[in-house]
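Presented sequentially are two complexes of chain A, the first with chain B as partner and the second with chain C.
Right after this comes the complex of A and B.
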């Protein structure tokens, strides 16, 4: 750190302190034991529902497919509960989490009882006593909607190619081969069906993305429980290494119809986890998303909703957690899911602050916001590693390029809605 | 004159690159007449990548091939030919920034040995694996 500062004059950016911290290998989130405890606890609580999300996203993309009335799309069959995570368990391609490759035991327990009691799946579904899969679908929609405009990776452009249309056409015809009504509709409105398949390709994309993140978060929680992380930068660096380790994981969309696999997006396209899933995800979900329909109103005439999609800023990094903390809104659905799997130390922590358990959803939402600033820091550091220079580079020109990159990233948090300023303070809860 | 592949195989600094090119089934392509300009990372460059990166890529050949083809450009470009060029389009499709203002830099890698002539192209040896973006 001292060496770096002697080489470059201090930054004059509004967030100079944070930029200097990033240059010293730190995170946007201050390095305090309280922050470390909060973010690891919430990663664990996030990973359990995420274990449901990725399995169900793949189930919908691969099996439910174009079911006209998908009433049971959230009812995971045993095959998908047993599906082995490629990054956990004994048969992992690369073992990130030392635990099981099957569904997490806490998730299975919750699916059985919910918040109430053991009952048939349909009961839990209708009483909404279940994992809020709608949150995962909202994230998928954000990726799908912003995908056109972001120009990131090659995934979205491929969805417009003739090759993709041919592959989708084969699968659509096979899926409805015994359903003349749907085949007739397909003939009349081919674009509508194609657009549904494109959306399903994003289900697959996000499922494959989260399949990696769940074991990463579980492992971080285990390391923390063993006393393994010394501070927030350690937790961030674990994420940076994870991003690199899995960067080359294929992103694809396969559909299974009558036991036959239809490769709508084959693995051979060379699409990767980093370029076609992780980076678009961070941009679409952490930064952009869209205004949530809920109690908070946005006035478009007062330009509270930007004219261009690239300027959207409704993601977790900008969210005012309190007003969006209303039932049925995607972030609240996630908060509710995480509430069921909080580690005891985090529950104890929330009981001591604000209104204790009465506003626990808001408190954990703000913890989640802190934790996602740390994930975004990991992405920023990973991009710096991949595209720029080491932090201890001896060439001042290289250090200047790193500085410019960090400053550009911080520019995105200058707007008043950004919570970067707030997460610097421990009393923000 | 030897081909790009012959030169790489005969040099002890390119063991990882040769193994990767062969795993990705790109040997024949790089033996073809081309011509190509290859930015060839050394073993030390590959070793800088965090643990697991290469393992995952070796398990997924199309993805490995994509990263490798980002290091190859169609045409024969010696250092002197690049004086007025800011970027080249790789076989992968993404641009590679070139900077000759202070030494010879290719994206965030430095060329440590330039202009190795092969029968079917030119090799520039670089000290980092370069990535798209």
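Right after this comes the complex of A and C.
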């Protein structure tokens, strides 16, 4: 009887079914064994290149720094390959993944041999037979560009503070102390250098964000392989729990010059993983990003590109994963990266559908889209947990607040290009 | 020797009807057609280029009181068309992508069509020609009526009525020729129409023009074509447009131009105008279409118009161009219909408003699209391809006799580029809709016929001599005959 009294009338929203599913603790992605298999498989395939991304992003932010000709920024030194993930391995601060804390063995093997044959690193690099860091940098750029506009958290605002400028100035002068030309340029164009450092702070931000996500995804894959997840909500709840477990992880930017650490953004500033990295990342990369050249022809003069940044909806939740042509465009590069590390069950699954291996990049791109809807669902549920009320709250007003929150979130998928409608159907591949 | 080209597919059709293993029928039909092609290539090899008359002649008395004899012969006019007939039969067999129902019957009918057309092309007795001309209607009718599209009943009946009427008119003309000229003989070489009055000749030639004009078809006798081409399966459309329509132009040249040279000269300006109207109408109607198969069908009407203009001009070059255009058009049209068939099978539609982005390298039909671009270029007469060679000879040969119609045809060849750009722009380019684009892969067996046709279109475009050398002696002889007739009339 109490349940009946507290139950809300059905939502009249366009996505009422999905809202009801979220209210029942589910995900935006329908709970089917096929969806579970797809998203876990792709998390694993995503986590391996992500293990490279976070290491290289930190390497660029901390070591390459303002190198004027950073030709070798994608060539990770051994130190960064051995770098222990703070959330994996025996010495982890918080052990999320039971595996190793250093570079994933599959990644090491791929870096050695590539997809085709064993060759010097430079050849693998030039032939794109490598992890495509361009994708990671495109995500970083999206965070940086939209970060200036989103007004989310305090991280971006800090980049304009005098304290940040002073810290950056120290690091710039130390980095170029034996280079009078660059110092002269810095004197002439200080903002240009400062802008570069701000961008590098976002390299660090994203690197620290992904350092967490890689072991999360590895662990999810292992749990699935052990038969641990029973459905899509289990996988989503694992993410929600993970988000809260590591929400307070510090986000910082340290630079190492001649063995000395320069704290451009010190840990003591109190920037945390959830508010300064995860949420801006989801907003900038999943929702907004920018119209990648090659995925679709956009005509700015015909107003196909919005004037306001907040109206940008080119992220993976809206993306058309069809590549046109074979240009090395960021989303395509991620698909290429994931292709190297697909679990056998996912390869077998793709071979059975559409054109099998011939269009596997598209198929895995759409799986990736499904999986990111699940991650976004976890973020929405986490936000609801943090800001609103439990799903089993008995107070109808609280439930109504929750409903309004979910409806507000779903409003963003009313746009025709949103793929929320598509992922509800199993035949969308 | 010539009989083999009729016997091989006929016996093949019987074997196919009795062959127990259904899964081998396609291969078996292809082998029989290949044997037919090899045999016609062999005839090409031993064909005497210096002899413009009928070669490999065969004569068998059949029903002498009726004037019917089994009389066959091959000359430079029929030889290239015989090869085209055998080649397009193989292409048609491989354009049947998926498994079809009642395939035993289907393949047997394809072989019977091959035999019927070969018989008509080789017949040197007028009644024998009519028999073959009419016989191939039955398998065509059945193939449209049984394996056609949604409106196959309507299309097949329309096709049958029109083409049967065409046969009746041709038969009436032939009976008139034989009996009014007094000898009652239907053998081509024995016929002499010079004794007929000008009025009689005009009536008989008009009957032939309307009869064969339906088959070509010429505007305004064309209304059966778009419906039939659209409703017929790709294999049947290839045979219809690629070779059956050529029987119409072949008949015009062989019997209209060949038997009534003086009357032909009289009506040729009118024919050039009808040809030009067909060319312009075909091109403009093609531009207005939303269905790509219908667009190609109208394009066919336009391109067949060039042949009439060239035959009307009646010069050595224009007649050579007309036959070259028959071959060129047969090859290009077969390629176009084959590719359109692939697109329809894979995408499930022929609608220009729905198709888009087929060039997409991952989920589209990139190779089919590329070949379609090649076919469009060939049809538009881009240099280096056989379409250019044929059209160039037609225009050069016809300009002297009919400058204005020829100029209008040249303008119309530009319109060909217009509708092919529309077709290619809408189907191949743009953005593939990932909600629709779950197209199956194009199989190698579906690609091979297109590769073969593209190779021939390219090769003949670069080496046109290979095409024209067989035709030239016969067409030159026909033009010489007409010139001689003019001289005799002038002397009288």
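The rule we apply is simple: the second predicted complex is superposed on the first by the 415 of 429 C-alpha atoms of A that agree within 3 Å, B and C clash if a C-alpha of one lies under 4 Å from a C-alpha of the other, contacts with A are read in each partner's own complex, and residues count from 1 in each chain.
Assume a residue touches a chain if its C-beta (ideal position, glycine included) is under 8 Å from a C-beta of that chain, and two chains touch if they have at least 3 such contacts.
Small disclaimer: the values here were computed from a predicted structure and weren't measured.
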Contacts of A:247 with chain B and chain C, given as first, second, both or neither: first
Which superposed partner A:322 touches (first chain B, second chain C, both, neither): second
Touching partner for A:93 - first (chain B), second (chain C), both, neither: first
Contacts of A:72 with chain B and chain C, given as first, second, both or neither: neither
Which superposed partner A:189 touches (first chain B, second chain C, both, neither): neither
Most chain A residues touched (candidates chain B, chain C): B
Contact residues common to both interfaces of chain A (with chain B and with chain C): none
Touch list for chain C against partner chain A, complex: 357, 360-363, 431-432, 434-435, 437-438, 440-441
Complex contact set, residues of chain A against chain C: 296-297, 320-326, 354-355, 358-359, 361-362, 422, 427-429
Chain A residues within the chain B interface of the complex: 93-94, 154, 240-241, 244-250, 267-272, 275, 279, 383, 386-389, 397-398
Footprint of chain A on chain B - complex, ascending: 49-53, 55-57, 59-60, 62-67, 93, 102, 107-108, 131-133
